[in-house]
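The data blocks that follow each hold one structure.
Two complexes follow with subunit A in common, the first pairing it with subunit B and the second with subunit C.
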Partner chain A sequence: MRQALIRIGAIVRKEFRHLGRDPRMLLAVVIMPVIQLLLFAYAISFDVDHVQTVVIDLDNSPASQRYLRQYEASPFFDVVARGRSLADVDSAFDHNTAQVAIVIPSGFSRTLAADESAQVAVMVDGSELNAAKVSQAYSVALNQLYSQELTRDWADAQGLDLSSLGLLEPRIRTWYNPERRSSDFLIPGLMAVIIAIVTVQQTAVTLVRERDLGTQEQIEVSPMRRIELMIGKLLPWTLIAFLDVALITVLGRTLFGVPLRGAAPAFALGAMLFVFASLGMGLLISALAPTLDSANMIALLVAFLPSFLLSGFAFALDQIPVWLQWISYGFPARYMVTIARGVFLKGAGFTELWPEMAALALYALVMLLISAVLYGRRSSR
Partner chain B sequence: MSLKRIRLLIWKEFIQLRRDPLLIRLLLIMPVLQLILFGYVVAVDVRNLSTAVVDLDRTATSRSLESAFSGSGYFTITQQLASENDLRPLLDSGVVKVALVIPEGTQDRLARGEAAPIGIIVDGSDSQISAIGSGYASQIVAQFNTDRRDALGIQLAAPGIDARVRVMFNPTLDPINTMIPGLIAAIMMISLLAIMSQAVVKERESGTLEQMFVTPIKATEYLIGKLTPYAALATAQMLLVAAGGLFWFKVPFNGDFWVVFTGLFLFMFTCLGLGLLISLVSRTRHQAQQAVMFIMIPTMVLSGFIFPIQSMPAIIQPLTNLIPLTWALQVLRGAFVKGSGFEALAVPMLALVGFAVIIFGAAIVATRRRISE
Partner chain C sequence: MTTTTTAAPAIRADGLQRSFGDTLAIADLDLEVDEGAVFGLVGPDGAGKSTLIRMLATVLRPDAGEARVFGHSVRTQAGQVTPRIGYMSQRFSMYPDLSVAENLDFFATIRGVSKADRRSRAASLLEGMGLAEFTTRQAQHLSGGMKQKLMLATTLMHEPDLLLLDEPTTGVDPVSRREFWRILAGLHRAGKTVLVATPYMDEAERCTHIAFLDSGRIKQSGTPDEIKARVPGRLVEVSATRPRAALAAVQAVPGVASAHLLGDVVRVLWSGSAEPEQALGAALAAAGVDGAATREVAPDMESVFAYLADPATGVAS
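Entry: the complex of A and B
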């Protein structure tokens, strides 16, 4: 046993020495996650405001100007240009200088003065999806509000009381993240993505590289047992992955003020299981891939893409086709995102999250076992 | 320049590629997988949000409000609850994303002509769902009010605004229509960077680079021979994605083929140059691979491929101009979705020319220097 520990220690030292020899690598596994965190947390958001808007006022009357002021006053629309004809809409959309165009036809004020509904055209550039969706909803709401205002003014002038109509008032409450801050939503999930990138990719190439460089044979003739080699290879990456988790947690809490509402030990255990599951996956790739290039490519396919797209980190999983939902259960990242978000945002603990933890534990166990068997078979050949 | 030498070099690259049949297969599986993932996951429309209803009013009004919600297509009512207290566990576990709470006496309040508040609770732990869900919910309630007033037969001869909101270019607002053009460019960048970055460093690691330099081969010939196979592979991947997008996802193509061709051609040189530069700068293949990740992640996040540039903070938005993919996306989306021509896309085209000249030029200069050393 003591001998085994010494041998494992030797491998761990060797791995760290490899890392130390290549400072750029160390940079990649420690600085990269920080950069990714900043990037994702600052840049990603689905909130839309300040949509560039071009207005074409063919009526040019006090009434139309008053109507347009509604858009200018709204933080959602940014009136960036005024056009003279419909051709200006085409050119603004073609050159991407505006995403929304509002066209007030001539006769607008005359129609209003006649106590009728005046038509207005709102055109939305559908190629900017999020902006288009939200612009659509906001322009409808803005027009409804303004219509109500006009009706009220009219009723006041006529001496009518409109308050007898009765209205439903939606009171919208956003739970868990009342200010709807994207960073609160993204940072816990981001951990799964970053850990998957760092650990799977690195372990995926670690054994293949020994094979490529021919040092594999040297290790095999040493008294080192395979299981010891595996443990020795995995330990440094486990430590680095934990370091990354801690780094992201601290930065997320201090820099971005992400709340930690639940049980921290539950999160730590979840992260640990996820790290093991990811390492097992990397090791499996390493045992299967014939060359470094393939190992890289497989790591990209099974680690990066699924943890980015099938984890629920940024894209809602219950919206995707059912067969893809089933596939998403086959990758560990989705469990990790649920655990992280549950603990950080929803204040969950072991009682709520044990199914995810069990899934991760099972996953890690199966992956490590398969890769141990495969790796054993490969080297005994 | 000798065509024979170039041909031999291309042949050699293909032989080396063939030696790892798994890699070739992976290179063809990757675009298909990405097509599926991006097509079905990222380009998903937020619809049928699972919704719980707490109807404490139990009147005709509350029932018609519920059917207005479920009839909209955005909300699917999966739970009917007796009390607001039952909501917490359902939202906690994520079984429902939205809850509609109709308090007791809503109908009476409306009948008395008062304002009747109703509660709409959205799960804020998913920002896209909460933003879109609350937007649709207020729209439905506003429509409900209008319908109710009309049904009551209150006709006001008041002035009003009749806004006709029209979505241009992509009237169904189907996300896949903007995703596929972007994916074509992204696939090219991912695969060219992934393979090109290994091209030279691989030879250096195995020591064949020196052997290459003692042969009569010239720098230009070496470059052409090295780049052609990968450019061909990337083109095959792009065609696969384009075919999948056009025939499987039925993405409409409104534009000019030559606009797309020119844009992709310029962008390809940028990617080849970038890959080559990484390969020349890196000492080991591992470093090269890390460098690719280092470039890929900001590119994916900041180019507007997945996350809208307009939603980024004002400080970050200018940074997106430094990313070649940003411009390639403008050209491809402009051509695919809007049918824009060369004139309208002059700025992004020129930007792509600039990137191609600078990055590819730098790569050539660096290769020449490396070879003459």
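Entry: the complex of A and C
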């Protein structure tokens, strides 16, 4: 037992030496996570506001000006230009100076005065899908407001009192993230992505590297057991993964004010299970991949992409096609994202998150077992 | 580790067999290596030298047959075999980013060498191999010869009784090769058994025993003198300004068992009854090869190898 610990210690020390001497690897596991955090929190934002808007008033009447004032007053739209013809819309969209155009046709006020329904054209640049969707919703809302105003005016003119008429007024409150900041939403999920990259990628590569270097054979003629080699290989990356999690948590809380509402131990346990699941995945890849390059590629494919796209980190899982949703259950990242968001934003703990934790534990167990068996068979050629 | 008192030889293989896909790398091979021998495995590329060594080192499983190292089966008792062997693979297999000292220390640690022993043995091995001043240098920045010496030092850290060396001097400059063999001679004097694969005939000559391996089979084995004695005939060297023309001229002469180029001389194995100088001189003159001189030389491993590797003559016995 003592001898086994000495051997495992030798591997761990060696792994840290490799890491210390490879600036690229050091960059990938320590600096990259920080850069990703800053990138996601600052640059990539799903917040949509101050949409640049061009307005074209072909009616030029008090009624049309009153209508357009709504857009000017809204924090959502920034009226950046006033055009004279439809050609100005094309030019604004082409030059990316505006994403939304509001066109009021001539005859707008006449139609309203005739008590008919007037039409306003709202054009959105569909190449910015998210902005387009939100702009559309906003302008529909603004139109409704304007219609209500018109109704009220009409009622006043008729001498009716509408205050007795019950009007529906929605009060929308966003729970857990009242300001709907995307950094609150992204940073907890980002942890899953970063753990996956560090652990899966590095463990996938680290065992294949021994084979490539030929050092595997020297290890095989030593009394070191395979399980000792595996533990020695996994320990350093486990430590580094936790270091990354701690780093992101601290930076997320201090720089971006991400709340930590739930039980930290629940999060720590979830992260640990996820780390083991990812390590298992990495080991599995290293047992199967014939070369270093293929190990890298497979790791990218099964760790990076699913944790990015199929975890709910960036795209809501109930909005992706059903067959992709099913696939997402096969990767551990989605459980981790749920746990991270649950603990950080919703204040959840073991009681709420145990199904995800159980899924991760099962996943880790299965992965480590399969890879241990495969790894054993592979090296006894 | 005390030396064994049992009669088990250092290596004993019976009917050993291994193939890769459809290729038979080792076919029904028997081998016995006595303790204390420096046993040379010679043979062309692809003869199966590496496969044999890797099976003896327990890193490759035989398909059939059995091999025992100091009486322990490489199939079922790898745990008893590996502590007593040092295995040096053909390609450089140390960590390039670790220093000489770190590589030595790592492999010795996983071999179970105590810290005190690691320190003293590393110091004396590095000193003895002339690597003492390079202990902190990363393995990737060593010269070819130094890399091989580092590998050898690594295989010696746990003081094995048997060294399995797979072409340890391939691609190494002649000075370093001589140096390497000086170290092997020291190990031989210290009582270690060495099994060494080599493509170099001058190295084979330094072995106490040789086995000539071809297509996965041992064609010849014995001491260098025994093997040389098996080559029938006399060895004649023909030097000429145009060696290729000389080779072409002598090949068809009756009495020439084999002829090949070695550097810029033609080496002829003569099995005719006449005097070779006259017959060859006549043939060279007839072919118009000027300035040719012939002289008889003592057979060496180089010519033996050429004779044995020649498909027309080699496999006959």
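Just so it is clear, the second predicted complex is superposed on the first by the 348 of 381 C-alpha atoms of A that agree within 3 Å, B and C clash if a C-alpha of one lies under 4 Å from a C-alpha of the other, contacts with A are read in each partner's own complex, and residues count from 1 in each chain.
We take it that a contact is a pair of C-beta atoms (placed from the backbone, for glycine too) under 8 Å apart; a residue touches a chain by one contact, two chains touch by 3 or more.
Note that the coordinates shown come from a computational prediction; the quantities given were computed from them, not determined experimentally.
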| item | value |
| --- | --- |
| Subunit C versus subunit B on the shared subunit A, clash or fit after superposition | fit |
| Touching partner for A:215 - first (subunit B), second (subunit C), both, neither | second |
| Touching partner for A:10 - first (subunit B), second (subunit C), both, neither | second |
| A:93 touches, of subunit B and subunit C: first, second, both or neither? | first |
| Partner chain(s) touched by A:132 [first = subunit B, second = subunit C, both, neither] | first |
| Which of subunit B and subunit C A:238 touches, first, second, both or neither | neither |
| First (subunit B), second (subunit C), both or neither touched by A:224 | second |
| Partner chain(s) touched by A:301 [first = subunit B, second = subunit C, both, neither] | first |
| Residue contacts with subunit A in the superposition, subunit B compared against subunit C | B |
| Which superposed partner A:22 touches (first subunit B, second subunit C, both, neither) | both |
| Least Cα gap, in Å, left between subunit B and subunit C after the two complexes are fitted on chain A | 10 |
| Contact residues common to both interfaces of subunit A (with subunit B and with subunit C) | 22 |
| Partner subunit A, residues of subunit B touching it in the complex | 20, 22-23, 26-27, 29-30, 33-34, 36-38, 40-42, 44-48, 50, 65, 91-94, 97, 106, 109-132, 134-139, 141-142, 144-146, 148-149, 154, 156-171, 173, 175, 177-178, 190, 194-195, 198, 283-287, 289-290, 293-294, 297-298, 301-302, 306-308, 310-313, 316, 330, 333-334, 337-338, 340, 344, 347 |
| Complex contacts: residues of subunit A adjacent to subunit B | 22, 24-25, 28, 32, 35-36, 39-40, 42-48, 50-51, 67, 91, 93-96, 99, 111-134, 136-141, 143-144, 146-147, 150-151, 154-155, 163-178, 180-182, 184-186, 197, 201, 205, 209, 289-294, 296-298, 300-301, 305-306, 309-310, 314-316, 318-321, 324, 338, 341, 345-346, 348, 352 |
| Partner subunit A, residues of subunit C touching it in the complex | 54, 57-61, 79, 82-83, 85, 87, 89, 91-98, 102, 106-107, 109-112, 138, 154 |
| Residue ranges of subunit A in contact with subunit C within the complex | 3, 6-7, 10-11, 13-14, 17-18, 21-22, 213-215, 217-224, 380-381 |
